[in-house]
Amino acid sequence: MRIVDALATTDALSAIFDDASTVQVLLDVEAALARAQAGLGVIPASAAWAITQAARADGFDADVLAREARASATIVIPLVAALTARVEAIDPVAARYVHWGATSQDIADTAMSLLIDRACAAMGRDAAALAASLRDLSDRHAGTVMLGRTLLQPAPPITFGLKAAGWLAGVSRSWSRVELARRDAARIQLGGASGTLAALGDRGPEVAAALARELALTPGEDGPWHSSRDRLAALIAACAILAGMLGKIARDVSLLMQFEVGEAREAGGGSSAMPHKQNPSGCARTLAAAARLPGLAATMLAGLVQEHERAAGAWQAECPVIADALQATGAALEAMRGVIAGLAVDPARMRANVDATRGAIFAERVVMLAAPVLGRSVAHRLLKDALGRSQASGRSLAEIVRDIPELAAVVNDEVLRSLDDPHAYLGAAETFRQRLLASI
Amino acid sequence: MRIVDALATTDALSAIFDDASTVQVLLDVEAALARAQAGLGVIPASAAWAITQAARADGFDADVLAREARASATIVIPLVAALTARVEAIDPVAARYVHWGATSQDIADTAMSLLIDRACAAMGRDAAALAASLRDLSDRHAGTVMLGRTLLQPAPPITFGLKAAGWLAGVSRSWSRVELARRDAARIQLGGASGTLAALGDRGPEVAAALARELALTPGEDGPWHSSRDRLAALIAACAILAGMLGKIARDVSLLMQFEVGEAREAGGGSSAMPHKQNPSGCARTLAAAARLPGLAATMLAGLVQEHERAAGAWQAECPVIADALQATGAALEAMRGVIAGLAVDPARMRANVDATRGAIFAERVVMLAAPVLGRSVAHRLLKDALGRSQASGRSLAEIVRDIPELAAVVNDEVLRSLDDPHAYLGAAETFRQRLLASI
Amino acid sequence: MRIVDALATTDALSAIFDDASTVQVLLDVEAALARAQAGLGVIPASAAWAITQAARADGFDADVLAREARASATIVIPLVAALTARVEAIDPVAARYVHWGATSQDIADTAMSLLIDRACAAMGRDAAALAASLRDLSDRHAGTVMLGRTLLQPAPPITFGLKAAGWLAGVSRSWSRVELARRDAARIQLGGASGTLAALGDRGPEVAAALARELALTPGEDGPWHSSRDRLAALIAACAILAGMLGKIARDVSLLMQFEVGEAREAGGGSSAMPHKQNPSGCARTLAAAARLPGLAATMLAGLVQEHERAAGAWQAECPVIADALQATGAALEAMRGVIAGLAVDPARMRANVDATRGAIFAERVVMLAAPVLGRSVAHRLLKDALGRSQASGRSLAEIVRDIPELAAVVNDEVLRSLDDPHAYLGAAETFRQRLLASI
Amino acid sequence: MRIVDALATTDALSAIFDDASTVQVLLDVEAALARAQAGLGVIPASAAWAITQAARADGFDADVLAREARASATIVIPLVAALTARVEAIDPVAARYVHWGATSQDIADTAMSLLIDRACAAMGRDAAALAASLRDLSDRHAGTVMLGRTLLQPAPPITFGLKAAGWLAGVSRSWSRVELARRDAARIQLGGASGTLAALGDRGPEVAAALARELALTPGEDGPWHSSRDRLAALIAACAILAGMLGKIARDVSLLMQFEVGEAREAGGGSSAMPHKQNPSGCARTLAAAARLPGLAATMLAGLVQEHERAAGAWQAECPVIADALQATGAALEAMRGVIAGLAVDPARMRANVDATRGAIFAERVVMLAAPVLGRSVAHRLLKDALGRSQASGRSLAEIVRDIPELAAVVNDEVLRSLDDPHAYLGAAETFRQRLLASI
């Protein structure tokens, strides 16, 4: 993990995309290709053995490879040269069969599929843990009332359980999209120079199938996809949606954590200057990571316009974008998993904030009773008036309504008694909460 | 359709998003809500009748509504006021039940779902026609050889049928994603002020289900999604992928249309200054429309971070973005449908361009035969040499290879005879073509 | 103004980009070209007269033009045809000189320059009014203390005057960038088919200079810029920065407007469901409009890669993007001008929110005195302890500090007396405020 | 340089943003702050000496810092802790004055300013070399005629000198914008917790000025800019424009390099599969790097909406975005510098491609002569007819025109003789070329 990227990755993901891992996965593909071909008698078995022996990242100089990659606009050309030299030292004849019938992009794309698979597996662990914490949070707070807030203003009450269920459902749907897109995107690439595998004569499709088996990747039977990148774009778009939904939770939590609101608090988060500070650090990290995704997704989407059989530029742009997108999404997942796991919720403060509105948020309830009798505009006017009196006097809306004959006439005693009670005006909150949990 | 947007929409789509249609669909939702509630006895049947009578766009002044929308940051507030006034003229009691228990966003979101449904239906017609044309094109040119082109340079041959099949598969997969996302996204929204439907007491979920039936929309049983916008973002991302894949075809066709290449030509496309010009106008329009999508999708993705129960700003940003994104995607579809339907393909020129390489693109074939015998680097060196001599002399690679003893020794007569024949080096082109067509 | 775009434009800007205005400005360019050429004797004076007579938008059918524009991927071809027909009716010979030596893009680009100029002039009025309101707000509240807030948590105090000065300086710098970019971008385009003006023989540069004079536009003496679009991209990027800075103000105000914070309130902003609501409608509109800009700017930036002398697709994509970007920026400006002009500020609540921290935000002040004596970590630990006791007991930090001998020893009486006073810990707030105002 | 980023950076830039450099620059800021304060008597001189001694990156573990950065969402907190421990070992009293009066963001932002300065200096060298190569290229080919190409179709001729001058002017204007934005953006940040420097009493502005002198950075007299990020966004937008203009050159060169066009060729660029390939590798790398910028710029623009005095998320998102944006822009600059320095131009092929149109591109010239006499539509019709005959017969347009009496009558002998000569129809090409060169 590099310092400039520190907030936008995790230990697990930065290890997947570091140089040692990247070189090894490229070598794994070359070795798997050789074994697949040897298994079909396309190249000698001894060549596959030697290539597999040589395909160990520890002897390769990543810095040199990275530098040489720039000359040909692909890492694969210097990598194949270096691998060939190593195979040569083991078995000169085997060296003739390195990278047999493949094109650079075949290796790079298949390696990226493997990296994607690993990254999604790592993310999946955090996604599962986060989902479990959110479900638990929702269940624990099924009966915790709090202000609904719309356009950042108080609205009729909800339960914190409903809010958490909404967070969970959003994250779960979004993670499902990532999983679906991953299964479609992480597939082998083997097309040779022009995507026809002509160099392998009539053995091409067989070799491709065997390579898929070697790497346990989706075979992609409908052939190469050198310049058809919709599946990768779909994966990164799905990551961006997930990151956005995580960002939504982070925004909510950081707003609830405001000193003036005080309804929730994440653990940790100090300040270098202020001993009193309890920062929403996990939320900030989530939002920071999520902020990267729209731009990265847009780059993938713009890059779909790839020329002919293999593109000049748009393909070469993808690698760091995919690596950054997966890492930033994973960073948001990890950070939010930590936030939710350690979230301190303050039901008393939630209730106090409801009560502080002195019943103003229940004005709608009175309007619904008054409008059919008095007409909508009269009802609205009377309520605005009542709210003004409540605000001026510090008395609750219920008390004021009792004093206004037109309203008192349409609001029965039972309603009046419960008018300040948030539990009496939750509508379908619990129904929706349960349906959200069931929808996952 | 406005002039500034002319290239980025179609007749059908601009009609769906014009003022008359937009106002009507908003009114349709209000009327359907009233009927759904009347059917359940929540409001009087007479109120639903009067509201339905009044809910006709022709009497509303779209310019006034648009202007007033700015004060409250939503069109629904002035619309409800205007609708209420009209209902009042029909039946003053009915006016009390306009917009009963709903919040502005309920109406606006449900209306957008209806517009999305219509827009996707219109796009579906072009998608089907384009797919049919592409399949036909692929079948007709299953045996038409042409240069593969990678990084804009000649590569071993492919068939134009394979290329067209790749275009088709990319578009078909992408259209399927749009369809899937549409079915998920175009759903009713009914949550009331805070998303609990508290104003409807315990009737909320019933009313929501009835509203879905009235409008023939996905019910969305897991409740309101006021600030959970992942499904809409997924739809626009899917549109962006589709537009990108259409842009890929447009790029390819416009490159094939170059005077120096001359392998395909779209019908139409004049110039205001030059009588000789045959412009790739349909491709330009496709690329122009497609170019809008990454930015629009990024805006939807960034907008997922919505505060609490209903957002201040991010929600309000969506409407023009969705409208623009669907129209631009539809414009790209329509333009490309026209391009492919009228595409003139020149197989002779395709073959001539293959032949103009004098066999250079078949060098790989010789390398594959020579490398196992001579070693990879010797084979590469001999071929580079041979290619240099071919270029200098104007003789074909086959002739030169015949003159180089080391190469002649490893390339048998049969190969030598067919070395310049693109049909002899197509690998799995036809297999992949058929699999691509079968994959749809 | 269309309903789908209602929040993202203004009356003035939607009028500039509507069909009547767009058609007229295109015709203005054709007429100005004719007069410029007639003035130099390149075409007959009578032709310029007839063309100018015919160049009146009211006789043109914008819908037909928009539809026909799609066939050639430019509005100018059908417009020139329609104009020629009208000129023909006035003077058949004059019709021969319509669009003399120009290419479609010359007309469209020059017309866009005129629209940009008008749009920026309209925006300039709102920018000036907003700046004046902000300066006034800053001056009035130079002494109004409030919480600083970092990561949405309380921090040492600032003045509202400093905050408003920061808003002003950000907007003023950003508007200056827009103005600078506009002067560079809004220039004539006249290059003919290939950008050499060959059709005008050796008169090209003269005609271009005369056209610039006719239209009072920047002449662009270094010639055509058909595929060099950096100046336009710079303009839209500048708009995006301005919109972002307006969004920053809107975010701040909407946060200050929260019920639990209550420090400021914009005028207006009702709700369709809740009589008690006072929504940050202007802020929401500002944020919604600002949200569009990053994506639009990215589209312009991606579109810089234009092929050769005139591009196939990237150019055609620009028109709606520029129109949307200017309108959305203008909408944010107008909305924020309204918000600031009507902003109600509550200094008492600001002070109350400071006091509610019970001095916690001044802990840093004690640390700065204690650390040189006690060491940083001891000081931090003592303060954390003190803050805990303050929170638990409800007593102020000053009182607690007085009771802790180690701290009491390093904090003199004068500091202790003023420790809870925000005015005593404002540092350079007023200096920075004045410098910010002076920097504009 | 990491492998996943290899194509999107340079040796120089990856060294600037690597861990050693990043840690050192952060330490440099802490040390400079201490020296600035000691110079003013704010802290003891001995403390500044000890802090400066300790502030050497080689003893810090970047991996540990990166990991710890995640807990507080900033690298500065663990860095200050580690630095304090090291200072403590040198002089316990000095340790009390580490990071005196500063907030984390002060250090991180000022360090980023230093990194920006260095990165721009490194880029400036490539920008200057590229500009010199382009000027030379333009001068050498002032008289080299080639096809103009619009919408990828042949248009009247230009000179390659004009084309290169357009490239140069675009890059030079764009580099100037980067330079201007850098001077404005790379400034010190010193505001303390809330941006008032209250912790420094009345010495804040003096300390800030001294810090600027210590680091030779723009002082930023109008105070801190913790949540006013317009200058940084302007810098990255300027980079994006530069990258886009480099991408435009890369697109043009890669199109000219097509086998069927063959007018230019970059040096280098092999293929792993095909010995005959000469890939536009430098162009691909330029396009790949440039492709990243619109998304990165959009992220900076969206991030302008920062809350209050310091933001929760948007600020934390910037660091990797700025680092990636500068590196990718620098990679495009370096790659294009290499492409242009080694560009092989083929004037004979350029002329051959002009001639291959058989004069079709000069049809406009005939129209300009014929239209005033015969009318526009008659002239257009005759020319279309002539072009058809030319195409069918293989004869040149001039020959055909000679045979069409109506045209022959209006085209004088001199024109007829030169009708196929591109040099005779270059209009103001050389004038514009010289003005472009002079405009820089």
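Letters A, B, C and D mark the chains in the order given here, with residues in each chain numbered from 1 onward.
Here, contacts are C-beta pairs under 8 Å (C-beta built on N, C-alpha and C of every residue); 3 or more make two chains touch, one makes a residue touch a chain.
The shown structure was predicted, so the numbers you read here are calculated from the model rather than taken from an experiment.
The chains touching chain A as well as chain D are B, C.
Interface comparison, A-B against B-C: more C-beta pairs in contact at A-B. Each chain gets one centre point, the mean of its Cα atoms, and the points for chain B and chain C are 31 Å apart. We define each chain's centre as the mean of its Cα atoms; on that basis chain A and chain B are separated by 24 Å. Shared interface positions of chain A, i.e. residues touching 2 or more other chains, are given as 101, 103, 150-152, 155-156, 192-193, 199, 247, 250, 254-255, 269, 271, 273-274, 279-281, 284, 287, 290-291, 294-295, 297-299, 302-303, 312, 364.
Chain A meets chain D in the complex at residues 1-8, 11, 17-19, 22-23, 62-63, 65-67, 69-77, 80, 99, 101-104, 192-193, 199, 247, 250, 254, 268-274, 279-292, 294-299, 302-303, 312-317, 319-321, 323-324, 335.
For chain D in complex with chain B, the touching residues are 147, 150-156, 254-255, 257-261, 269, 271, 273-281, 284, 294-295, 298, 302, 353, 356-357, 360-361, 363-364, 367, 380, 383-384, 387.
Those residues of chain D that touch chain C in the complex are listed here as 84, 92, 95-98, 101, 103, 148-152, 155-158, 162-163, 166, 169-170, 173-174, 177, 192-202, 204-205, 221-224, 226-228, 230-231, 233-234, 237-238, 240-241, 244-245, 247-248, 250-252, 255, 287, 290-291, 293-295, 297-299, 301-312, 364-365, 368, 371-372, 375-376, 425-429, 431-432, 435-436, 438-439.
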